[in-house]
Each structure stands twice: as structure tokens, then as C-alpha cells.
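The structure appears below as C-alpha cells.
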Amino acid sequence: MLRTGEQYVEGIRERRHAKIYVMGKRVTDVTTNLFLKPSVLAFKATFDAAFQEDTRDLARAFSPFINEEVNRFVHIHQGPQDLVAKVKLLRRLSHKTGTCFQRCVGWDALNTLYIVTGKMAERGDGVYRERFLKYLEHVQRRDLALAGAMTDVKGVRTLRPSEQPNPDAYVRVVEERDDGIVVSGAKANITGVAAVDEVVVLPTRAMTEQDAAYAVSFAVPLDTPGVVVVVGRQINDARRMEGGDIDGVPYMAHHEGLIIFNNVFVPWDRVFMYKDWRWTGPLVEIFASFHRQGYGGCKSGLGDVIIGATYELAKTIGVDNKPNVADKLAEMVFLNESMYSAGLAASWEGSKLLKEGGWWVNPMYANVTKHLVARFPYEISKLAHDIAGGIVGTAPSEFDLKNEEIKNLLEKYLQGVPEIPAEERLRLVRLLENVSVSVGFLIESVHGAGSPAAQKIMFNRLYDYEKAGEIAKALSRIKVTVKWPKAPEPRRPSESEKL
Amino acid sequence: MLRTGEQYVEGIRERRHAKIYVMGKRVTDVTTNLFLKPSVLAFKATFDAAFQEDTRDLARAFSPFINEEVNRFVHIHQGPQDLVAKVKLLRRLSHKTGTCFQRCVGWDALNTLYIVTGKMAERGDGVYRERFLKYLEHVQRRDLALAGAMTDVKGVRTLRPSEQPNPDAYVRVVEERDDGIVVSGAKANITGVAAVDEVVVLPTRAMTEQDAAYAVSFAVPLDTPGVVVVVGRQINDARRMEGGDIDGVPYMAHHEGLIIFNNVFVPWDRVFMYKDWRWTGPLVEIFASFHRQGYGGCKSGLGDVIIGATYELAKTIGVDNKPNVADKLAEMVFLNESMYSAGLAASWEGSKLLKEGGWWVNPMYANVTKHLVARFPYEISKLAHDIAGGIVGTAPSEFDLKNEEIKNLLEKYLQGVPEIPAEERLRLVRLLENVSVSVGFLIESVHGAGSPAAQKIMFNRLYDYEKAGEIAKALSRIKVTVKWPKAPEPRRPSESEKL
Amino acid sequence: MLRTGEQYVEGIRERRHAKIYVMGKRVTDVTTNLFLKPSVLAFKATFDAAFQEDTRDLARAFSPFINEEVNRFVHIHQGPQDLVAKVKLLRRLSHKTGTCFQRCVGWDALNTLYIVTGKMAERGDGVYRERFLKYLEHVQRRDLALAGAMTDVKGVRTLRPSEQPNPDAYVRVVEERDDGIVVSGAKANITGVAAVDEVVVLPTRAMTEQDAAYAVSFAVPLDTPGVVVVVGRQINDARRMEGGDIDGVPYMAHHEGLIIFNNVFVPWDRVFMYKDWRWTGPLVEIFASFHRQGYGGCKSGLGDVIIGATYELAKTIGVDNKPNVADKLAEMVFLNESMYSAGLAASWEGSKLLKEGGWWVNPMYANVTKHLVARFPYEISKLAHDIAGGIVGTAPSEFDLKNEEIKNLLEKYLQGVPEIPAEERLRLVRLLENVSVSVGFLIESVHGAGSPAAQKIMFNRLYDYEKAGEIAKALSRIKVTVKWPKAPEPRRPSESEKL
Amino acid sequence: MLRTGEQYVEGIRERRHAKIYVMGKRVTDVTTNLFLKPSVLAFKATFDAAFQEDTRDLARAFSPFINEEVNRFVHIHQGPQDLVAKVKLLRRLSHKTGTCFQRCVGWDALNTLYIVTGKMAERGDGVYRERFLKYLEHVQRRDLALAGAMTDVKGVRTLRPSEQPNPDAYVRVVEERDDGIVVSGAKANITGVAAVDEVVVLPTRAMTEQDAAYAVSFAVPLDTPGVVVVVGRQINDARRMEGGDIDGVPYMAHHEGLIIFNNVFVPWDRVFMYKDWRWTGPLVEIFASFHRQGYGGCKSGLGDVIIGATYELAKTIGVDNKPNVADKLAEMVFLNESMYSAGLAASWEGSKLLKEGGWWVNPMYANVTKHLVARFPYEISKLAHDIAGGIVGTAPSEFDLKNEEIKNLLEKYLQGVPEIPAEERLRLVRLLENVSVSVGFLIESVHGAGSPAAQKIMFNRLYDYEKAGEIAKALSRIKVTVKWPKAPEPRRPSESEKL
């Protein structure tokens, strides 16, 4: 079943028992709360896309699990074309929302669990696959909005889960019952968490045997007893509450939050991993690569918004054709398309991890994608600020433009070329400000899907240095008898191979 | 006379006739307005510094013009040591304020006018110098807070002032009277403009003969009839009005604004340039170099704040000694000290432009300083976000931390190492967020004192390519008879030389 | 027919009438000349690859034009898989040669002419296609080694061909005869030109009607009367003549040269374009994108050689596992795989330009590939030098190591970890020096397939700024009635579209 | 006494017993050897400078130790002006030589030993100062050419000297005699070592008590029995032996070499440190900062040569005024002047380490200088190659230009604008190639005076993170009682402070 955006909104509006806090207050209807409404609208765009002419084909896919069309955001990838379609869809949705639309983490979690539980089944333990396939059917039939919850709060960063002074610094099983498990802990930085139907929880790192109680994956509805959500602040968030229609760009935004599991009961049929610590490493690698690939789409889409706003602002003062502006615009395009190119490569070079499918992205290029994303957006923003001018940091409020005492003066002095009114320029300035210094384009680009150090670790793991060394030695004739080595093609992550 | 910070605040509090607009409303007392108060406090810090033990010596200087000690922010530099003291003072004031303290532009305007009117006198036209020296005495005796207003709104960027469809796109003289002139136009991006006693206006570019009416410099009190100030918005500004004491970092901030001259009368004794279009080029170059040099101090001071907050945040999760964190911190220090080094070089290598003094910075290194500042802060912020973690973009509000229903949960899950309470971590996160994505550290670093393209023009003007070419030709023995050329030492700007 | 490497060498050995100059002397047998032999060996590797186990499949393709297997280097791409295979093959050949193997330009010329003459036929002018298909059969049946000659010497860079003081600054037709044309001019920077059977000439830029005599494409054997080749020098080339087997890395190298057409007659059946100046723009764009895509393969292959040599050198002094070395190696991998990723994206996203095939790369990602290549190799080399140590610039000669008087001392003091002998370290140092500061990895990465400015022009042409502007305006609600725009997908080059 | 360049050359010509090996052969007269002669000429330039009009003042200084004028390269700095003069002199000498002139290391070694032995005397051990002052007088009176030898071969990089499998991997005392010591080991990467009168040896790292035998500093003439020098190869070195006058740029070059101490006897009066391992740390830090400061001068001087050659090459094809070329030239100037600015700041902010003088550079800015130098030259070279064109990697040999058969053709086709002959263009191309890919501009910029990692360590040591943390905490009101902290001014290195 495909839900419309309206149906999604109605669905979460009724979820009044969920304990959600925003700016110090409990919120019972997230769809009308001024802080959260822009996030709900961005989430909603993922549903609407399946019904809009320009995205309909990209946003739908045929699911062999329920034998009908589903929203792509709950689809299990059936081949490289699906992986490519993901990246292209994300880029387009960034154009429609100008923000993170928050539905990818849950999607990537589904694809990850499909592969991992499938792999477990291939090794003889089919119970998790059975449960997961039922859950997948539940999700696809209802077109659910899911959050994926991975990052634990982690406490002391240098200690393993079982060594922490606070034993709940990582989510863990505190009680095993006949009918299920009881979990405790919290997940941080959870994208869109207040605007979803359910949350899928994954372990955040490779665990050792001592950490077995922390090797747990499960799904719960957001209004499950014991679940508490505290929504985080973002740059410029307070403007949303001002009631204007320019400065706060109230149309769409995203949010991230802390989700706390305060002794939450989870029935067995929603538990997808428990104590199987050996599978945590592969799970994390598989998920991370999926999510890193996606950034090639959504962040380049935000890049388009920034390039577009910058280009229009250059027009407002008549400099869009000046050589140094054209040169900087070309640089922005280059940086932006680099991120997208890598995302496409990660998709096209995907491979099958299960006999019956289980398509995964190429991890080397997925990591390249994310690492480019961790660097280039700051450059893109700097170039945008450079071209757009100091006005990005000094423009008056929309309320000044509406004040009759000074309205005329402002219209006179904010105008550049005569054809474009001052208000239009102000709207573009605010859009540029709100996107180019947003959490979504800057901080999330660094940390989302793992910080840069995590990608560096993967580069060292995925690249075959020994092969490269053999190539070098052969060329320098150190061992003339050596036969030509194979090229150092990216390899599967070692952890996955072992299993 | 040296005013205390309190005296400064009292002074602007009484200036109730000034027409100042903030967020669509007229403000009569800027010292209590929630939006502007943090700016007033930052400005105030420049006065307090002259009475605080750790900055007293740096913040005072002996003025030969009134034969007594003055606040350095109204001092005319008497040698390289004064130029160096400026950079060092600015770095320290950034530590005290965590923001732009807004008093440099007026200071640089004074030093610029001192040199330019002095130069005019040396060429035979002493009237401007006479007026300026009187004005200087007025300023020094009262320890006035000055804004420097240079950047016009510029309309169509590719047209000269006299070619604009809107003739007021650059500030100009619309009437010449016996007792003075009447000016019209507006200046944009004026730092601290709502918190000053007076504003000193300078032309923003080299003018041609056709633009003579635009070649005008003058000073007026802020409450002069016809003057209208519209304060601009900044990233995260709305938080200041929330009433908390963490999220908005309500202590200090800065502001920039649009100042409109709506047929404003200026008496002759406050006119420092009029119709002398030939002097506009040198004036702009001299001012720009002064202001570019200063950025080596204030921006590296903000860099210290960011490094410090990042370092403390690394401690909160126990990673301050990890090799990859130490490496990134070292990178931040390198970037930060590079900006400062160049500022010092620009100061030490300053030179005397007038027979009786008129010390100016070295323009080549001043431009190097600013160009480094136009690039490195975005890098520094990215590294800060990288080390500090996703929490910079997802931390809950201070009001959540004060809500009794969830306070305990948040304290449990926001804490890293047991020694540091959650609130301390939150305070550091907010400081880092507020400084690292501020207008002052990002957008102003690009555009303040001229955008990067302006520095590129100066590099091409200041560098002696012909000499470098001679060196290359000599080394490649193209003309063996050539004698060793002089080194391509930075030259004075050509415009200045011509005069 | 597939020739072996030996057959190729025999073929060019017999071509004794070609006028080839190296270091001021005429060379009659390029296969034994010490300067050129390494280039011949690198070229030879493209033939050998079709017979070596690890590259056999990649290096062969089935040609529908002669209905048999051909060496991929003379193959016309039949789909995205062929484009991908090109990039993968090039990476592997870089491993086998450690240099540019020089056969891509001719290959790209064939594919370009296939599309352009095909396009001309679709528009009604089939004579060129007929000639070209015959020539293609000739090339594929004989498995010829081709140079592609595009870059004219260009004289005064700011003048068009017909405006030049030297009318031969661009290759042109000086006489039209019944049996063919006579051409004059010279092509510079021609890769591998002294080691080929024939040379295929293409115009180097979009021509206007005035330049019609310069709109010429043709092919001639290298020993055609009037053809003169002057081989260019390269960094460290003189070491090849020393007779050692370490310092000069005499195994393989590449060369580029100037080819002069001194009134050369070309029969009509070898003329593939003449006076059709409207087709020069599309031809150049199509060729350039093909060649830019390829750089994603060959340059990342050289990157592997450098990474491998660096990694082995780190082992020689026991630092391969130190955190800061691992971090720098990961950075090298990231930079290297970024170039490759973009090359893959350019291939997978290729499209069909002709009804019957004519597969072309995606021009946006091909330009991204080349622009990354124009930047990252200098970074990779710097990191390699950083890790490998000062020894890269200070190692003694191999002849020192063979001098009995000091051999023992050198073996003692050049050794790092006891397991690896000094000679092995020296061999790796020389390989690293020779590849990391080579023309092939540095200067050719900047200029090959067009300098960075050429890619910037393409970014501005290929990116749809108007669409991006529409997206920004829609998001900032400037025209609320606008329907969601299409995503700014990369477009075909405008010149091609027009035709 | 000041020697002329000729006197220097005569001096080393007579030093025929020195055991110097080049390219596998013993060299008895370094002044006529084709490989070494360019180095001798570059060294000679440091002597000539004291007699040439444009450098005479900079290149001379008054020595209070012998009460007469000396060549600045043997001068002990007497104040910040001397430190500044050093940087300025080095920039000019790069213009005269186009290479490293090799005399700085010895100079920095003198200044380092002056401070360290002075410091030892202040702590009560005056014997070393006495010896050193006598040696200094000896050097200044004879105007000696000195090499400074610091970098040991180091064997296994992760082991301390006393832990090495090869006990001679660091230079050490193998025997203590009544009249002196006997040393064994080797120093690598020693600049100009074959062209000096004497060599001054310093320890390369901070030693522990176990390494006491390695804590040794001394000076010996190059022809001392047991000393063996093996000269290292450099990029393009073999061209020097071709006998041309363009391609090899035979005028000047530099060299680095391995110096082996094969049981060399050193009399006590030439021993400046022995067993005093506690002083090795300060010695290394003091020396490193001196040498890092200097790079701001010499490398920006080479930058001028590259900028000049690039600019002239742009003229040869008529593009010197094109906007994108002007933009890239400005970028080169910016990068180049950044390095120089930091060097000036390090000099002006120098301080006195001894009661009677002992002027040292500011270590923070000296490290900034070197770290910029470790990055920017590769950028400068890339931009030079970009502007100059592919010809840098493909130009024919000078011998082609002299071959009568093809001379006319080459002159026709190598020419750009008609005013500049082909030979001139070729000369500039060769100069650019030889400087921009030289060991001196690339590899030495990374490794000379310590690799980038060494500067990162110093940034972490010199920056006061605790102070920065205090500043951040005060601003975020974590401890409202805290008094304003002092600014984090660069501190003296901790090791030095302890002593």
C-alpha cells in the first residue's frame, strides 16, 4: 500500500501517547507544533513524491515480498538499478524540501537487517529472518514512517560498552522474559525521530563477547511505554516560532533527537538480533555503507539548492556573468557533482550478498562518497557566501520590510537590478542562509553515517595495501620472478568475510 | 579621557532620538533591548579592557594630539609597536567577548583619515587636516564609540555610482550649502552601528571624475535628523529573546546594520573629503589594509575560543589525548596561528606615510592576512565539529535540562566522563555552535574588509611581476648582460603613489 | 586479429623511413634507442595484456565490424559495460607499466570519429562514415598502434586559427587535389607518437566559418613523406641513458612529442572531416569527455603504484603501522579512489548518441573525473614524499651501491629494518621518485585531455543553473504557483544538441 | 674576514684528500666535477653576495666576537633585526641562484650551539661555551663554509638509538681518549656536504639517559680521516652531464649527501656536547625553529622564480592578462607571500634566551612558517604547470633546436607571440621545469627542518590548550568566578624551560 502525505500526517497525529519533548515542553501533536511542523512536512514529502508526476517513477518500486508496488523508502533493493534509483531519488527530494527528509535511516536499517538476517539464515539460524520478513511485510503493507536508531550516547568514548561507568551508555537487554526482552539505554542524534510511526534499533559498533547484552536489534512503535524522545535544537530553529513566512523558512526543516529506552518491553517477534555479537561488526559495516552512499544524493541535492540560490542572488546584483563569479559557480558545481558521482559509482558497482538477492553498495565508493561529503559542503557554503555577499549575514528582518515606517526605504536600498524586487532578494538570502549554515548541510555532513575517522578506518580496511606493494615491488624489479599481481580491487569488509 | 564601560553604556542609553529598528520595531533604548544588549556588552568590553589588569597596558596609549592617555581604539598609531599592539589587543578582546566587539572600523577610519587628510595637506590642501584634527580631539577627549561606514548598497554591481538607475545607490552629496552639505544614500553591513555615539562615513571605492558627488567623507552623531538604522539579523539571533542563559549565549554578540541617510545635513567642520575623487582610491586602499591587518588578531582570537571549546568537549568524552584528535587540534592551531602570524608581519613591516608619522601597515601582508582569514575559519569550524561530535547539531534545549520530568534522564545520558556534569557539556556545545557557525566567524571572515576578489586584485597590484620575470630571465640566461635585479619587495599601492 | 607485443615491436622496428628526432639526433630504430625503448615497452604492454591471464578478458572485445575478437584498444564501445571495462583496464595497465602506456588517445579518436561520422550520416552526409568504417576495419584487422593528434601548437593563444600571424599555427589544408588534400602545421604534446604505426589527426577546438580550412581530420602512417616527429624531454629522462638497472627505472616510460606536417599529402579515403566546421565543436566535446573519463583509470592506477611503493617504504623503516602513517595512507587511498569513482560513474551513466550505438560517457562525470585528476595527484605525491622521507630526494646512485670501496658502508647505513636489504629500499625509492614526480602523474594530470579551465567551462555549460535557480525560488516561495521543477540532471553539451 | 666567492672556490678545490663519491666514483676536485659544480656555484653565491651592490648590506654584519664585519652566514644574531635580515637575505639569494644555496644549516648550527653552550654556562658548566667561542672565532676569521649535520640514518624508526639492531644507526662516541673522542655512524640528507670546509654535527633528537653516548656534538674538517661523503641523486641531475646550456640549467643547483663517520677522531676542543643528554631536547628545538624560520625566505624566493618564469611564459603565448591567468597568478602570490609573512613574524617576535644575547626566533611562528612551506609549494608548482601549459612536460631538447635539419621547423612551431623567439620560450620552460619539480622546492619543502609531523607535535606543545579551555569555559559561564585568563601567547618549548 502507498500512503499519501496526508495519510502519513494523520497517522502520526493520532499517536498522542508518545512522550515527546521539545524546548522543555511535552508535545502531544507533532503535526501542529511550530518547532516540529517543518520536519513533518519534509517527512511528508517522501510520501507525496510517490504521487507527483516528476518523481512518481523514482519513488515507487515493486516489492516481491508483498507482490505490490511500495514506496521506495520501504523497498528492499533488487539490483544495482535500485541502488542508483535511491541516489537519484534523494537528490530530487532535496530539491523539494531543501532539507533532510529523514526517512533514509529507517530504509537503510531495513535493507541492512534483510541482509544480516538473511546471512544468519544461510549459516543455519533462520529465526531472525523469519521475524524480520514478517516485520518487513508489516512495514510495507502500512507504508510506515521509520526512524533508524543506531548511535548510542557512548559515555566515555574510549571504553567498550561493558566497561562503561554508566552501564546504560549503550542500549542493552536488562531482562530476558518468555515473551520478549526488556531494554534500557538511549540513542542519540536520531533523525526525524519525533515524526515516525516506529523506530528500528541497531547496535552501533562491533561488539565483543563481553558486550553480548549490547548486541541487540529490535523495532518498537514510538508510543511504546518507557520510550521518551527529546528533540534537539538546530541552528536558527527559534525563528520557526516567530510566525513570519520568510526568515524562518517555515516550509520544511528536519530534526534530530535523543530517544531514551527506560526499561522498554519488546516482544520476541520484534527482536532481530540478540546476543549474536559476532554479527554486530558486519551489520555496522553494511548499514554504514548504505547510508554513506545515500549522502551522494541528498547532499548534492542540497548543493543544487545552494547553487541555485547563489546564482539567483548573483542575478539580483547583475554579476551572474562576471568571470570570477562564473569561475566560483563552476567550482561549486564541480564539488557538488563529485559527491554525486561517487554515490553513483557506489551504486552501480553494488553486489549481491545473499543467494536470493541482498544487494549492497560498493563499500569503497560509498566511503569515498561520504568522505567527500564530510569535506566539500563547507567549501560550497564558503563559495556561496563569497558570491552572495555580506548581505547573507546582515539582511534585515522580514518584519522590517513589513513595517510601514521604513518599508519604502528598505525596498529602495535592498534592491539591486531594477527588475527584481527587494522582497525576492530577501527571500533568497534567507533560503541561502538557512540551508548553507544548517545542521543538515554542515554538521550532519561531517558526522552523519559516521565521522571522517570512521571512513579513514574503512579505507585502510578496504584497500589492499599488500597487493599495491606487490605491484610496486614488481615494477622496481625487486622480485623479477613475481607474476603480475591482480589489481587492488576494493574488497568486501573483512568482518563480513569471516562470517 | 578614558571612559569606563558603564560610562559608555550610559552614554548611548541617553541617545533616545536615534531612529533604530530591530526585527520590525523601533528601539529607543538599545542597552536593554534583548536583541541588541549582547552587542552593547561586546562594545562595552573595549572600554572595560582599559581598566582590567590583563589588558590595561595594551588597551591604553598616549596620544600626542591631546597629550594624555586614550583608549587605544581612538589612538593614531605612532609606530610599528602600535600596529602590533592593535593585533594583540584584538586577539585578547575576542577571548573576552567570543564575538566581534565592533569598534575597529571606526578606529581604522580615524587612522585612514589622519593619513589621507595629512597627505592632502602635504600636497597643499590643509583644510581637511585641520577639520579632522579637531574632530580627532573631540573623539579622543570624549572616548567616543564610533562606527565606520564604508560599504554602499551598490545597486547594480557592474555600474559605477553615477551610472546607477538609483542615484542613491552610493552615498552622495545632494545639496551644497553655506554651512555644510546634505547627503543621501545608505551604507550596508555597518558593524555595531546601533551601539555607537557617532558614525564616520568613507567612500567605498575609487571614484572617477563623473562620480565626484560620491567622493565624500564625513561624521555625524547617530541621532542626527534623517539618519535611520535598520539592524540586520544573524544566525541564531532569535535565541537571544528566549530568556534562557545557555542556548542563546546571551552574554555577548555583535550586530551589523543598514544606515540610511535620508537627506542628512552635515556641517562643514565634519566634512573630511568632498569632490576630491582622486583621493578616494588611496583612501580605500589605506583603510582596507588597516582593516585586513586587524582580522589577524580578532579572528585568531575567535579561533582560540573555538579551539578551547573543542578541547574541553574532547575532554568531556575522554578523547582529548587520542592521536587523531591531537592531530586535528594541531591542525586547528596551525590554521589559527597562520592568520595571526600574517597579521603580525603586516604590523611589524608597517611604514610611515606622512612626514610627521601616519603609520600604515604593510599592504601585502595585510592582504595575505585577510585572504587567509577568508579561507581558514571554515576549515577550523569543520574540524571543531568533527572533534566535538554530532551533538553540536542535536543537543537538547536548556529548557529540557530544567524540566523536572526528564532532567534526570538527560543528565544521565548527556554525560560523558563522570567528572563533568551534563550541563557543563551543554554549555560548551552551545558556545561552540554559536561561535563556529556565527556570522562573525564565517560570513564576516569572507566579506569583512573586502571580499576575497578584492584581495586578489591587490595581490596583482602589489606584486612586482616584471621584477620576478627579470629574475627568471636572468636565471635562464636569456639576457646574460642583465644585472641582478632587486628582490620583488612589496610595493606601495600604485594609486597612492600617483598622488 | 590480435597482435602480440612482439609483433607490435617488430612492426615499428621496420618503419625506418619515419623521420624521428630524439635529443637532437635522428633515430631509425625506436625499439633499441635507449631514450625511446621504455616507451616502446609500455606501448607493448597494451598488446601483451590481451594474452596475459589476469587481463585477457578485459583487454579483448568482440568487434561487430570485423566479426572477431580485437584488442580493446581498437574497439568501438558497445554499451556501458565497455565504457566501464575501459576504466578498469587502464587501471590495471598502469600497474603493469608504472607509466602512461600511450594507446588511449588513438582509441578515443576512433570512438569519437565513429560517433561524429555516424552523426553526419544521420544528417545526410554518409561519405565520411563510409571512409571511417573502412579505416576502422583496416585498424582492427591489423591491430594497429595509433596516436591521436589533437593539440595544435596554437601560436598566439588569444587569436583564432585564421587570425594567427603564423597561418600554420593550427594544422590546415593548404591544397585540395583530385586524389586528396595537402596539409601543413604541427600538433604538440602527442603521446607516444614515435612508437605508433599511424597517427589520427583531429581538430583541437570549435571552429568558425573563417577557420574552415582548419576543420580537418585524417589519418596517415608515421613514415608518410613530410611527417617529422621531434620527441620531447621528460623529467629524469637522461637517466635512461646511464645503463644502470635501478636509477633510470629503464623498464617502462612514456614520451610525448611534436609532430610536424610539412606539406603532407593525404588521400581522400583517409580524410574524415574537411571544411565541416560546424562539427568541430561536437567532435572536441565528445573526444574530450572520452579522454577525461579514461584518466579515472590510468591515473588511479599510477596512484596505486605510488601507494604501494610508499607502503613498502614505510615497512623498510618499520612505520607502516604508526597512526599518523596509517592516516596519511588512508588519505592517499581516498584521493585515489575518488578519481576512480568518478571515472566509473562517467562510464555507467554513459548514453547512446547514434541509433546503431555510438556509446558515449556521461560528460558531467567525465569532467568531474578529469578535474579531480587535475588536483589530487599533487596531493598524493606530497603525501608519498611525506611518508617515504627525505631519502626520496637524497638517495645515492645505484653506482655507489656497486662501488666496492663504499658498498659495505652504504649497505650498513641505507638499511632500515634488518629484514629488508638496502638495495630493495633504493629500488623502491627510485620507483617512487620516478613515478611521483613524473610528467605522467603531475603535468599530464593537469593538462592531458584539456587543462582545468576547459573543465570549468564544461561545468558551466553542462549544469542547468536555470533549473537550480527555479528550485531555489520555489523553496523560498518566490512564485508559489511554480510546479516542482525537474532535477538538474546533466545535459548533453549544447553544441552537440544543436546538430 | 670576508672571503670572495673565488676564494671560497679555491679553498675547497685544495681539499683533495676528502673522500667524496658521486655517481659511484671518487671525486678529488668538486669544483670541476660536472655533477657538483652547480652546487659549488650556488654556495659561492653566498660569498659573492657580500660584495654585490644589491645584497652587500644584507649579507654583512658586524660580529662582536671578532670585532669586525663578517659574512652574515657565520654571524650570531644580535637582535630581531638580524633575524629579519636573515629571512630577507635568503629570499634574495634564491633569486640569484634559483636553488638551495646550502649554507643555512651550518649557520643555524652555529647560532644553536651559541645558545645551548651559553645556557650550559649559565647553569655552571662553562667548558663547552669556551670551546665553542674559540671555534666561532676560527669560523668567522676564515669565513668558512660549513655544513650542519643533524639527521641520523635512524635504522628502525620506532626504536631509540640505544635500542637499534645497528648501534651505529645514530652517530655515537665509540671511544673516549685523553685527547678527544672517536665517533662512528652516519648523517643523512646533509645539504651541500661535498662543498664545505667543515661539518658541524648535532644530535638529531631528544635523548634519554640510555642514549648518552649518542648525545654528542662536534665539528671536523671534511678531509678528516675516516670521513666519507656519498652525494645523493636529485631529480633531473643527469642532465648536468650532457654539456648543454639550456636543458640542465647548469648554472646552479644544490646537492645533499650521506656523511659517514668511520671511527673518526675528534679532539676535545671541537667537542661541543658529550653525554649531556638532557640538553639534546632543547638543542633540537632551538635548531629546528631557526631552520624552519629560514624556509620562509628561501622557499618564497624560489616561489618568486617560479612566478616570474610562469608570468614570462604566459607572455610568450599572449595570455598574461587573461582573467583566469591573472587569478591563478594572484593565487600563487598569495601562497608565496603567506610563507614569507610567517617567516617575518617568527623573526620580529624573536626573543633573547641568554643574558648576553642569544636571540632566538619565535618557535610558534617558525613552525607555522615551515608547515606552510610543507604544503604550499606543491600548490604553487601545480598552478605554474597549469598556466605554463603542457609544454613543461613535452618540450624538445636544446639539441633539437641546434640541429640544422629541424631547427627552422622548431623555431616556427615553438614560437607563440612573434616578439619572443622560440629559444627564449624553451629556456623559460626548462627553468620552470627544473625549479618547480626540484628536490629543493618539493621534497625538501616537506622534509627539510623536520617533516610535517614534527611541526604538528610542536603545535601541540607550544599552544596552551588549557588557557584556551579556560577562555571557553569563562565565555560559556561554566565558572562565573573565573577571572579573565591571559591570552594563549606562544610559550617557550617545555624542554627548554625545564633546564
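First chain written, first letter: the chains are A, B, C and D, and each begins at residue 1.
Following the convention adopted for this analysis, contacts are C-beta pairs under 8 Å (C-beta built on N, C-alpha and C of every residue); 3 or more make two chains touch, one makes a residue touch a chain.
Since this is a predicted model, take the numbers as computed values, not measurements.
Asks: Tell me the rotation angle, 0 to 180 degrees, that brings the C-alpha atoms of chain A onto chain B, to the nearest 5.
Replies: Angle of rotation between the two copies: 180 degrees.
Asks: Going by average Cα coordinates, which chain is farthest removed from chain C?
Replies: B
Asks: What pair in B-C, A-B or A-C shares over half of its contact pairs, by residue number, with B-D?
Replies: Overlap exceeds half of the contact pairs only for A-C.
Asks: Distance between chain C and chain D based on Cα centroids, please, to the nearest Å.
Replies: That gives a centre separation of 38 Å.
Asks: Measure off the straight-line distance from the CA centroid of chain A to the CA centroid of chain D, and report it in whole Å.
Replies: Each chain reduced to its C-alpha mean, chain A and chain D end up 50 Å apart.
Asks: So which bits of chain C are touching at least two other chains?
Replies: Correct list: 324, 327, 456.
Asks: Touching chain A in the complex: which residues of chain C?
Replies: Chain C residues touching chain A: 52, 54-55, 84, 88, 91-92, 95-96, 98, 245-246, 249, 251, 301, 304-305, 307-309, 311-312, 315, 326-327, 329-331, 333-334, 337-338, 340-342, 344-346, 348-349, 364-365, 367-369, 371-372, 424, 427-428, 430-432, 455-457, 459-460, 463, 465, 467-473, 475-478, 484-488, 490.
Asks: Mind listing the chain B positions that touch chain A in their complex?
Replies: So the residues of chain B in touch with chain A come to 21-26, 151, 153-159, 165-166, 168, 186, 188-189, 228, 230-236, 238-239, 241-242, 247, 256-258, 260, 262, 317-319, 322, 324, 374-375, 378-379, 381-382, 385-386, 389-400, 402-403, 405-406, 409-410, 412-418, 433, 437, 439, 442-444, 446-448, 451-453, 456.
Asks: Residue numbers of chain B touching chain C in their complex, please.
Replies: 323-324, 327
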